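Both of the next two complexes hold chain A, though its partner changes from chain B to chain C.
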Partner chain A sequence: MANRKLLGLFQEPQQVADAMNELKGSGIPAEDLDIYSGSPFPEGAFGEHEPHHRLYMFPLVGALIGFSLGLLYTAGTQIAYPLVTGGKPLLSIPPMTIIMYENTMLGAIIATVLGVLFESRLPKRSLGLYDERITEGYIGIVVDAPEEKADEAEKLMKAAGAEEVKHES
Partner chain B sequence: MAEAAHEMRPIPTHQEVALDVLARFQDLGARYWGWVTVLGFLFVLGIVGFVIRLSAGFDDRSIWGYHVATMSFIVTTFLAMPMISAGLRLTKANWRRPLTRVTENMSITGLLVVLMLLPALAALPPLEGRRNIWFDFPLGAPGVWNVLGFGNLALMGLALLWVLALPDLAAARDHLPPSARQRFIAWASLGWVGHLRQWRVLYAASLVFGGGYLIAYPLVQSLLFADFHAGLMPGLKDAIGPARAVVHGVQGALAMTIVVMYVMRRLGGYERYFSVEQFWALSKPLLAFSLFWFYFWWASFLTFWYGRLPGETDLIRFLVLNSYLGPFIVSLVLNFIVPLVALIWSPVRRSAWGPAFVSAGILVGTFVNEVRIYVSAFSIEDPTLHALDGIPPGQWPEAPDVLIAIGGIAGCVLLFMLVSKIVPVISMWEVGEGLRLTKIRRYLNRQVRVIAKSH
Partner chain C sequence: MYYRRTLTDAQINRELLHVVFTTPMWWIVLVVSLGLVVAVAVAAVGYMFNQGLGVTGLRQPVFWGFFITNFVFWVGISHAGVMISAILRLSQAEWRRPMVRAAEIMTVFSLMAALTMPLVHAGRAWRIFYWIFPYDWSRGIWPDTRSPLIWDPVAIFTYLISSSLFVYTALIPDLAVIRDRSKGTWRYPMYAILSLGWHGSPHQWKLQGIAGILLSALILPVFVSVHSIVSWDFGVSLVPSWHVTVFAPYFVIGAVHSGVSAVVTLMVIMRKLYHLENYIWEEHIDALARLLIVVATGWFFLFWLDFVFALWTREEQEMVVWNLRLFEAPWGWLFLTFFITSYVIPVPLWLFKRVRRSFTWMLWTSLLVNVGMWLERFLIIVPGLVRKGPLVFDYGSYRPSIIEITIVVGTLALVPFLLLLFSKFFPLIPLWEEKEGQKLIDHIQLGNVKVPALVKEH
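Now for the complex of A and B:
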């Protein structure tokens, strides 16, 4: 059975919390409910499913790659072309530290930007089921419900105070 | 009567804020273009000054001193501003919300700094024979690694700005009338809709980029100090120089933030967003960092004062007591004495004009101090000596130097004004989030504001 997407638009956060309770009570899993808003709400404010992301892994991996490349470049080149100057150690640690630090940072920046894009599922060509009032302060509940539950979900959202319920065309 | 005095203005809604900010954002009136034209003209004058210097080449290093001082001033003020946003976000200061975007938008000045860095590097003498932090490391030092260090900071700032601006770019996409500007903004918003996952990722990214900026900035100040000052100054042994430069950066960032807020409040009609609360709150760390300013200078000065080696006394005479006495006194007064004397008074701190007046002085003092540090270093003829050979005279600016300084600063303001018509200068989503966490409640005989913790 195909799913149908609905977007309920609310003006008050309390209405959203009430609607979320009703929708979950009707048997729609929390994973099939999403909230669209123009600013973030404290986690769990609507009893919503908490999405997990792995953004923190991206800078970590990027930093490790950058650090490794920096180490490889600085230590590798000095070992490959050993020029001992004045009896000093072959590896010049202080400048190596700066270069490795910079490479670590560059790796972390690039990886985090990629991570933001990947984890936020951006860029999106089409906004899909969306309403411009959301960036004005309205709050949207997106329901991805089986066909037989979609009408009930629409009724529940309207009963909770939705100003409008939009359907995916 | 007493009760009326404690009545509070009702808290606006997210919608009211969004519509107000977007209306100002949309406006590209004659006044805006007038300012852009004036700043553009000044920036062009700066380019003229730069071309004059460029035509003389890099053989005479001393003519590039003011260019480097201007670049360092930008790093110490404009480019330090995103640290305010990052720091206040990490400490979850609720009053930050209206001012963070102003500081983040300034990260665009990183592009100008990277451009200014290239001729500054070309003016540096070879590393051989002089003290430097590169220890004869042959591969690209100092040029490549300076560009990478400064570039990282610029990149980090732009990433912080872009990520935190995504929701407001989406708001602008949704509400601006169709135009080339709206299409560009829509492209830059990448299809942001503000679902749960996007908000969680944005929050995490703000911590990563904010924290990253805070650790990238000291490296840039260290490179500046080491390669453009200490490495050119025979006999200078100043271990806390880079740390002092970072302290100057935080002070400069606070001062520039306050001045920009004051100008926007007076000329841009942003009183509603930049209230006394923001000035009051920023004036406290400003006072603290003004005290640090003196403490760090004093700690550095003591080493030379008690060392008393001939090279050290010459350095003190050169940088503090003789050649650059004037700039030092101006800086001491404006960066330490005036802030101390003015900001210890609560009524001064608790106003918009007080912190703004002190901050304007700090910015002047900071520029003069950068001149003292970098123009002096670039005026040394032979940086390979172990100690100063006599005490060189102070170097006054020539016409191209003045043009470069004016053009550099005007260029930063111009970039800020241009980017502020792509990214709204008030973070609507952050202000909106704060409004929802704030309630006015009655407490005994008065009203109080109750602010919830969001995380």
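Now for the complex of A and C:
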């Protein structure tokens, strides 16, 4: 049977935590529940499911790519145009490290930002089931429940204090 | 002790997005006025490109003048922005919240102003592409990566891209707030694209928090490297007074001194213009002023070392340059002005709590520091090039032309102009950081006093 998406809107964090407990108690897996809020709450405030992420790998990979490009740029240009200036040898390491260092850091930073977007699953083309009041201080619980559980989920959220429960059109 | 005012999310949105959704008359007047100054400077650049560098005061032997001074000055200003933001984010200091965005964005625009200077100074800006980019433009000639003039643009582009990404990453949740407030208006498509479909799930918030820490940790070493590399433009040359070994830390701490002062100036002006009394308090500028006392004194120590090294070695050329700086007009007068404005007046004043907590005093003292720090860069660069010394027949002085003065004044208008434009489209204080701070307000009664509770945020 198909799933139905619901969005419950709450004003108080405690109501959200209570609703989440009730929803999980009713047999809806934590992975099918999500929270939307206009500002961050401490981790685990609502007993939400926390997906695994690999953000820490991104800067390492980015740094490696940046370092390699820096090496290619500094060594490649000196080899391509082998002109001795100031009596300094070609492929002189000290000045090369300056550019390689900058490129390493740039690679790490760009990769971190790409990692944040990738792990956050952004950009999204459509907002889906959403409400503008979330950025005004409301907290939303998104339930992706099987059809037969959807009505029960709506009742549970209303009982916990949801001001409104929206359905995916 | 930070007694936060209790504000609702809706109130924070309304107050911090006021200028995004309405256009006050003062904003129009300022943008038009500053835009005119920038336009005049652009015209001066056009005239200089057409006529050649002969319209400047740059003459043998002084070929680095106002443009390079201004370049070093703006790179310096750009430093403190990201430094303050990154250090405060890493240490999770509670008082960071109202100042991180403005400081970061000041970094980006100051770097842009700085970048225009070498382009203008080159006289034929379009030829820089031959010189920097790793591309075989003509006859097999590639850039010389052993030259500090290549290190410089590489470092500055790295810093500019990094700072811009740093700003954008932290801006995404706020873009979603504007998106949600502008449904049905012309703004909506723009903010819908820029906010990338942000929902504010716990996972997204967690990654946002980690990104703040990671990017701060990555950007701090870049910040130190950039002004060090700028100092090596001078340090690796053979010009007297330019190759002191302390140049890199001296430049970095000088940059922090002028940059933190610029952040103070910006905070005071922002508070007044944007009515941010609920967000920027006496405690914030007090904290910055205390930081400035330490930074300024650290800067003074390195400035003193620069001076002492010349005296200690008693190299003839070094002594000549210092003699010129200290005792010959107009350099001596400029030196006196620089030293008084950057240290002698502001630092003793900042020792008084009443001054540190006064927005008016802090505005004027922080402006004074930057007058002094601009002169400091000028006095580092030009007297060394004058080459006044025994058995030198081609020494000469430097007098900036009206074209150079116009262009430098144009960059002084360009940064506030860009900041004003930015504030029309994006909030200058991060909404989500303020909202997060509001959740953590608590006060504890201890005896007869109620004190703010300390919270561990992560």
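Methods note: the second predicted complex is superposed on the first by the 150 of 169 C-alpha atoms of A that agree within 3 Å, B and C clash if a C-alpha of one lies under 4 Å from a C-alpha of the other, contacts with A are read in each partner's own complex, and residues count from 1 in each chain.
Everything that follows uses one rule, which is that a residue touches a chain if its C-beta (ideal position, glycine included) is under 8 Å from a C-beta of that chain, and two chains touch if they have at least 3 such contacts.
What you see is a predicted model; the values in this text were computed from it and never measured.
Undergrad: Put the two structures on top of each other at chain A: do chain B and chain C fit, or clash?
TA: clash
Undergrad: Check whether A:Tyr130 is in contact with chain B, with chain C, with both or with neither, and answer first, second, both or neither.
TA: A:Tyr130: touches chain B and chain C.
Undergrad: Does chain B (first) or chain C (second) touch A:Ala30, or do both, or does neither?
TA: neither
Undergrad: Name the contact category of A:Leu64: first (chain B only), second (chain C only), both, or neither.
TA: Touch status of A:Leu64: no partner.
Undergrad: Let me test your reading of the model: by the given contact rule, A:Gly76 touches which partner, first (chain B), second (chain C), both or neither?
TA: Second partner only, chain C.
Undergrad: Which chain A residues lie in the overlap of the chain B contact set and the chain C contact set?
TA: 34-43, 48, 50-51, 53, 55-56, 59, 73-74, 77, 85, 88, 92, 95-96, 98-99, 101-103, 105-106, 108-109, 112-113, 116-117, 119-120, 122-127, 130, 132, 134-137
Undergrad: In the complex formed with chain A, which residues of chain C make contact?
TA: Listed in rising order, the residues of chain C that touch chain A are 8-10, 13, 134, 136, 140-147, 150-151, 154-155, 157-158, 161-162, 165-166, 168-169, 172-173, 176-177, 180-181, 183, 196-211, 214-215, 218-219, 221-222, 225, 229, 431-432, 435-436, 439, 457-458.
Undergrad: Okay, in this complex, where on chain B does chain A touch?
TA: These residues of chain B touch chain A: 13-15, 18-19, 133-137, 139, 141, 145, 148-149, 152, 155-156, 159, 163, 167, 170-171, 174-175, 190-205, 208-209, 212, 215-216, 219, 223, 428-430, 432-433, 436-437, 452, 454-455.
Undergrad: Provide the residue numbers of chain A that touch chain B in the complex, in ascending order.
TA: Interface residues on the chain A side: 13, 34-43, 48-51, 53, 55-56, 59, 73-74, 77, 85, 88, 92, 94-96, 98-99, 101-103, 105-106, 108-109, 112-113, 115-117, 119-128, 130, 132, 134-138, 142.
Undergrad: Within their complex, state which residues of chain A touch chain C.
TA: 34-43, 45-46, 48, 50-51, 53, 55-56, 59, 73-74, 76-78, 80-81, 83, 85-86, 88, 92, 95-96, 98-99, 101-103, 105-106, 108-110, 112-113, 116-117, 119-120, 122-127, 130, 132, 134-137
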